[in-house]
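Both of the next two complexes hold chain A, though its partner changes from chain B to chain C.
Up next, the complex of A and B:
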């Protein structure tokens, strides 16, 4: 948490005069944080329950393509495309979860199939139906569509994705901290056997969580596709990785059993402020990733230092 | 002899009008019914629609183009169209990811099948050179395409069909400079990709001729919202930016959104490499000044045609120099025509 503020203060000092501190500058990094936060919050719940979903990035590519094709190629209204995309996502999420709990194989391996398969499916669908790998010109189809506005609207440069983030994060937080289901999630990640003995429906919890990660990947795909006006088989590459990073920077344990949604919110902010702050600071292109690495590492080291200090004083 | 003359006629026709219907009458009478008039070559499958294979010629094409790339989809369409027009067998393969080891294996596999000609792209000469050398040593005529213009002679490759990124960048930079741009950014969504870095360098040199400067912006790869926000941040931190260049449609569409959102459409001149329906519409509507086309359809079509002509008549143009497939500038005047071709995966 402190890391987030320090990173923000760093860029406020470094590039505050270059637009970082303006409203547009704030809207800029909040939009990136919102995208990371949407997939990160639900990924955090899944990681807490002891599983990973590596198919999230490819799911963004595949569901985005389904949405774009149904709008541009099949001339369907936006809501039909959304139904198709979310229906597909939930079905694949169910299959992922079902296979994980039935086979007992690591979710890392099961969802790897989605990682390859969904990316390939997005490509194959696009090539088969349109002959290209980018389905564009959606803007003319969705102009004035009230359903599309839910995903594309913005107020004073603040994109609606920020509202979606707040909504997803709030639901995740309440579910995790204030519901029986939340206790079950912690239980699954702590010790699945012990949880099962206590009557926690481990299978159901995990299947629902896999369906949720697929659904938020689809949500992000819809926001991106409708907002940008095109779908590309390559969208969402590495997002599964970024979702996990966001959760872990926010303090979620990779081994499961511990984590918070609040932490994930700060994880998303840290990552986004650093990524975008470097553009405001106009760092040389060659040094961009080096700077990103140094600042992110410093931020998590600082967080860890503070956490250890706090733990020691408590003893 | 009759057969070859027929084929030559087909070649000529094919060059004039790249369409299946035009080539079909030249094919033997046993030809299958011609494919529908839609100019887009059918995606997937190795079906030689519209003609039966008249000559036992097999050409292998191995590229580094990832199947998800729209750019390479057009190259592949060029290959397929050549296959269709020439009525020969063409086998196309490429690695799933940018993996030179895998690509070397694919070249070896193609060579093992002893094709009548081999087309390769050479993004990494030191990794692929030995494999290409094997093909040349085995007596297979090789033509390189897309990348490798500076190294192809070394390996005994007959000629190279591609565009020169430095030449294209420089020409684009001059053009943008002539429009009065003084302070530009090069939105590179894949810093470290040598071809894209060369484009930015060429642009910077071209702009420098009119005293303008350019800075490279390292935008995220495959992430449109990330690109949009990176450009927005850049525009906001420097109000004097009056020129933007993007590396392709993936970067151009979100970049244009950022310029619009910043309300700088009137003061910022924009150009992009490579084409896509959305960017062409923007050029047509005057929001973008021009698009630089390396005409990659030719990079797929021409090497196959050249190898066929080499096989038949030992013809080989180029004189050891690369054959440039571009650049061709698409402006407001030509955008509409190119747009309809782009929708069919030809431009």
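Up next, the complex of A and C:
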């Protein structure tokens, strides 16, 4: 949290005069933060429950393509495309979760299959039906569609994605901290066996969370596709890692059992401010990845230190 | 089996359990009455864990019967056993170090306010804090703040948290899986004191331990298991601590080992190293 302000102040001083502090600049990094925050918040819940979803990025590509194809290729209304995309996402999320809890294999491996499979599927599907991997010219179909407005509206340059972020983060926070389900999430990550012995439906919790990560990946895909007016099967590359990094910078433990959604909000802001700050400072985009590495490493080391202090056993 | 005409809270009769060709339990019978501490003793692989898993509904027996309050039951899940008042506190696994004390206390049986729906009902944190605090106080643990992480508790306190939780949620029989094995002498004494307290409150206790010096002071009956078979159940009066130790560690084998070690010591030129 403190880190976010430090990063912000740093860039305010460095590139403030070049547009970083303007309303447009702020809207810009808020939009990036919102995109990270939407997938990061739910990824955080999944990580707290002790699992990963590496298929999120490919899911963005695949569901975006499903939406665009059903609109542009099959001439369906937007809401049918959304239904198809979300239906597909929830089904794949269910399969991910079901395989993880049934086989007991690490979710890292199970969702790695989705990581490759969904990307390949998106590319193959697009090429098969349209001969290209970028499906564009959706604008004429989208224009004036009231359902599409939910994903494309903006006020004074602040896109509706920020509202979606606030909504997703608020729901995640309330579920995690205030509900019975939230206690189960912590319990699953603390020790799945012990939680099961205490009566927590561990399998159900994990499957629901895998479906949720898939659903928010789809939500982000819909926002991107309808906002830009085209779908690229290569969209969302590395987003699964950025979602995990967002959660980890926000204080969520990679080993599960501990984390917050509030922290994830600041994680998303930190990443977005860094990315935009570097852009306004006219530094090569490659440096973003270097700073990402630095931020990630320091966050993980800090988390580890805090965890060791908090869970210091006095046997 | 009835003692003084009282019905045991839980009784297993002639229970067997096989894992493939491995005999985990063969024709074992145990019963627990209110206010009674039954100790299950035996070496690793004797079948202690299998027996308590049958009693707590983790898996069904392949043969034999389970009775609760004299009525035959078939547990399908651990949940079924818990609903009949049979609670199990597993070693180490009972408490999540990175969750708060009160969250731990209510894990899996969350107290909720009227708000929300299904598993999204609101977790009543204030009530959880208050109840966890009073219940732990009953066990002699005074926490200022039950929202502190359970990882900050000592090992004995964590065991007590798990026991307090089981009792609060209506356990009439508490099954304790090696509650003292990872603890120092003082911490173990704390846990043993709670066992006696639970017994005084009329609960049945099943205590699993390697350590006869922990079992003997608190136990009323002792069932000794060896490679899945019961070597018998003994009342405290019929049993000397020394004999208990002998039976637990497989008596004859221990003598043999002692003899062997003495021989080894002699051959190495060390005078009676094993006995002093």
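As a convention for this text, the second predicted complex is superposed on the first by the 283 of 315 C-alpha atoms of A that agree within 3 Å, B and C clash if a C-alpha of one lies under 4 Å from a C-alpha of the other, contacts with A are read in each partner's own complex, and residues count from 1 in each chain.
Just so we're on the same page, contacts are C-beta pairs under 8 Å (C-beta built on N, C-alpha and C of every residue); 3 or more make two chains touch, one makes a residue touch a chain.
Remember, predicted model here, so these are calculated numbers, not experimental data.
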Partner contacting more residues of chain A (chain B vs chain C): B
First, second, both or neither for A:227, with chain B first and chain C second: first
Chain B versus chain C as contact partner of A:178, first or second or both or neither: second
Partner chain(s) touched by A:191 [first = chain B, second = chain C, both, neither]: second
Which superposed partner A:113 touches (first chain B, second chain C, both, neither): neither
First (chain B), second (chain C), both or neither touched by A:95: neither
First (chain B), second (chain C), both or neither touched by A:199: second
First, second, both or neither for A:28, with chain B first and chain C second: first
Touching partner for A:253 - first (chain B), second (chain C), both, neither: second
Residues of chain A that lie at the interface with chain B and also at the interface with chain C: none
Residue ranges of chain A in contact with chain B within the complex: 15, 18-20, 22, 24-25, 28-29, 31-32, 35, 119, 122-124, 127-128, 131-134, 136-137, 157, 224, 227-230, 232-238, 275-276, 279-282, 284-286, 288-289
In the complex with chain C, residue positions of chain A that touch it: 175, 178-184, 186-187, 190-191, 193-200, 253, 257-258, 307, 310-315
Residue numbers on chain C that touch chain A, as the complex places them: 58, 78-79, 82, 88, 90, 93-99, 103, 106-110, 112, 116, 119-123, 125, 149, 151-155, 182-184, 187
Residue ranges of chain B in contact with chain A within the complex: 40-44, 67-70, 73-74, 77, 188, 191, 215-218, 220-226, 228-230, 232-234, 236-238, 249-250, 253-254, 257, 261-262, 276-278, 281, 344-345
